[in-house]
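Dropping a structure here in structure tokens format, bear with me for questions.
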């Protein structure tokens, strides 16, 4: 049996698969960021907090209302998305005409406030959320033990990513969205309600973050800081893929998960930094990102 | 095909104009561009705005459409004041806008560009009618919008607003940078639209082209309308016009 | 009539106050810990509550000692912690700093306290260097340390047959120290270490490392990490069927709040070492009930209990020394035996190590738990002399001949 740099091939397959699973979270989160950036030109720093809210809403649904995981998977994104709609209407709308920097500061401040509120109410060490009974256990693939739930995460996120891509690239609504992204003034002059689209788009991007949060709840600690740790990596993913590129966000999300997974085998100490190293390299060679159009 | 038999009524229709613009002022940021534009357009009329570069012609169209930062004055369309409305509501009143840069979306296919503007009134052209008018478009439906030639893009920009049922068209320099044979085709289209009862405001640098399609010409200078010339008086006023345009 | 009553009352009060005033000592204690990050639940406001309870129980006011308690958030950053410590000592007249979880911050505060000749009673930090290489005449390390954790969990697991180990180590000073101390115990007891992986800190997904640990076929996977890292690795180990596959998890630093966060379904069977558990005896139960009432129903962790115990002993030392002079108080703290309902009888050693028994606990199965916070059953007691590093092995300059 041959070994690659001291790692048996079976272990390598396992790590590749795990990388894809982590990539699923990167993909959904960076997709939401890309959609929001495209239309609103806002770097949504609240995204991590909204991901956290998704996980918390799932926990609240289960704990206070007895609503199970599957219903929460639908309900939590809707609730988180609705808070996004409120944030856009009450706050982001008012600063839409000023420099993007203000949007960045506002969303960053919001993230701190939201995290602080949850920390006050629920503490910092996290809350338990069990894997739904239907998805407990796993299957032995020969080269690794694949928990059913991890498999489900990949499937669910692929479905959501592809559905989002289809919605944006292949439907009438998506054409409105792309038109409004490219030339909002003219699109509005055709009688299309661009401000409404902006609100709904923000809500949708935020709902994607909430969805990722529900997916994460059974496998990661549900705590107020869970998004803050993840979001920095996701920003790097978006930068590598190219700001505002839908397909770029999806493909980059999955492939960087993969790269990170392999780094965890060959040089674990670098696995937290490898994405940022790639980001620097990509920015040097293609400043607009791998899939971005140069402005 | 030629419609030299323009309805004589249009001249007298000024009493109850379809569009009445009074004291229209507009700003780009801090810079005050329009200083009180006044003019009327009657139902079924083709009117051009002539003037030098930077005189305020394009800004006038944008102000009517509501796609400019700040404007004041009065723009009444069929009796309704539009100065306080957002551009999407103005569009819904039945105005179709073809911007100066044609505004073809790079991120949309030709077909998506064509289907993008929502219907605002009944009676828009069917796709077949548009393809009859502009046969080139039909063959390029799946291409990226901006992959079309300049002339095709112009046809697409006009075609897509004809679909919506808008009966009042704002065309900003539709002939700019196009080959003579394409200009002829666009001229023919405008005359055909006029024949079908469309009302059109045309911004033009090229008054020879304007003369082949318009009923009247307003001359714009430094953000004001300084003169109006009937198309049939054009020859008599040619020297004055040369003076205005600095030709 | 009213005036007369008033005058009498005033006179009486003045009489009462007179003897107290003569020997009034004012103390300002600063509770410095994580109030917003991953250690906020195990220290945080709970530690402030514990310090206040110590002042109450000591009846400081009646004994002529006026105590003011201040608190701040060091955000687990040594630079932030240092700045606060300096400001407290230099400008705010703080006499002692309590708690200080996160070893890197604790080592910084330890150094500053020595420079300023104040007192630091550490409860939250793990590094055994605080009473070792970095020991100071001004610091007492109260609740636990990496050496004791390694002795407890590491020693017990090896004795129970877990003689081959794979470490998942948080890649920073604390993780390295914990791995080092535990590996030493494992080897000393006849076990062997078959591998280790350094995981970026803080981490979210540990599945890749767990798979490497699984492939190592080690009998025990040692988690040399803390807080969110520990919670995530245990949660994900359950998911990947590590325990079901016959390997054992050793949480080398697990707090009560971590188990609360994991839930018993996930945490059951985990073996861990702590110096305090609320449900040990009547003394701990009575105190913990009072604490929980003040802390939104949450039971105390050993870190919070340690703040109480340390503050109480400090106050006793001040009373005995009739002064708050650092050298005098430290001398009294080391001279007097410690005694309180939470940690029982003990002492403070010359190197600043607080000596008390440690306990090995196993996390209950969901069926065994009678309600919230009923999480541990005691496996064994480690006498203080076994749990902590013997003075003979100490690297502390204070005890070197």
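By written order: A, B and C. Residues from 1 in each chain.
Convention: a residue touches a chain if its C-beta (ideal position, glycine included) is under 8 Å from a C-beta of that chain, and two chains touch if they have at least 3 such contacts.
Not measured: the values here are computed from a predicted model.
Chain contacts here run in a simple line, from one end chain through to the other with no loop closing. Of all the chains shown, the one with its CA centroid nearest the global CA centroid is A. Annotation: A-C is the more contact-rich of the chain pairs A-B and A-C, by number of C-beta pairs in contact.
Each chain gets a centre from the mean of its Cα atoms; for chain B and chain C, those two points are 78 Å apart. Averaged Cα coordinates give chain A a centre that lies 45 Å from the centre of chain B.
Between chain A and chain C the centroid-to-centroid distance comes to 37 Å (mean Cα coordinates, whole Å). Listed for chain B are no residues, as none touches two or more other chains.
On the chain B side of its complex with chain A, the touching residues are 65-67, 86-92, 97, 99, 103, 105-108, 112, 115-118, 120, 161, 164. Contact residues on chain C toward chain A in their complex (touch as defined above): 34, 36-42, 44, 171, 197-200, 202-205, 207-209, 211-212, 214-215, 227-228, 231-232, 235-236, 239-241, 245, 255, 257-258, 260-263, 265-266, 298. Interface residues of chain A facing chain B in the complex, by the touch rule stated above, are 172, 175-176, 178-179, 181-183, 185-194. The touching residues of chain A, counted against chain C in their complex, run 8, 11, 14-15, 18-19, 21-22, 116, 119, 123-128, 130-131, 137-138, 144-145, 147, 149-150, 219-221, 223, 225-226, 229-230, 261, 264-265, 268-269, 271-273.
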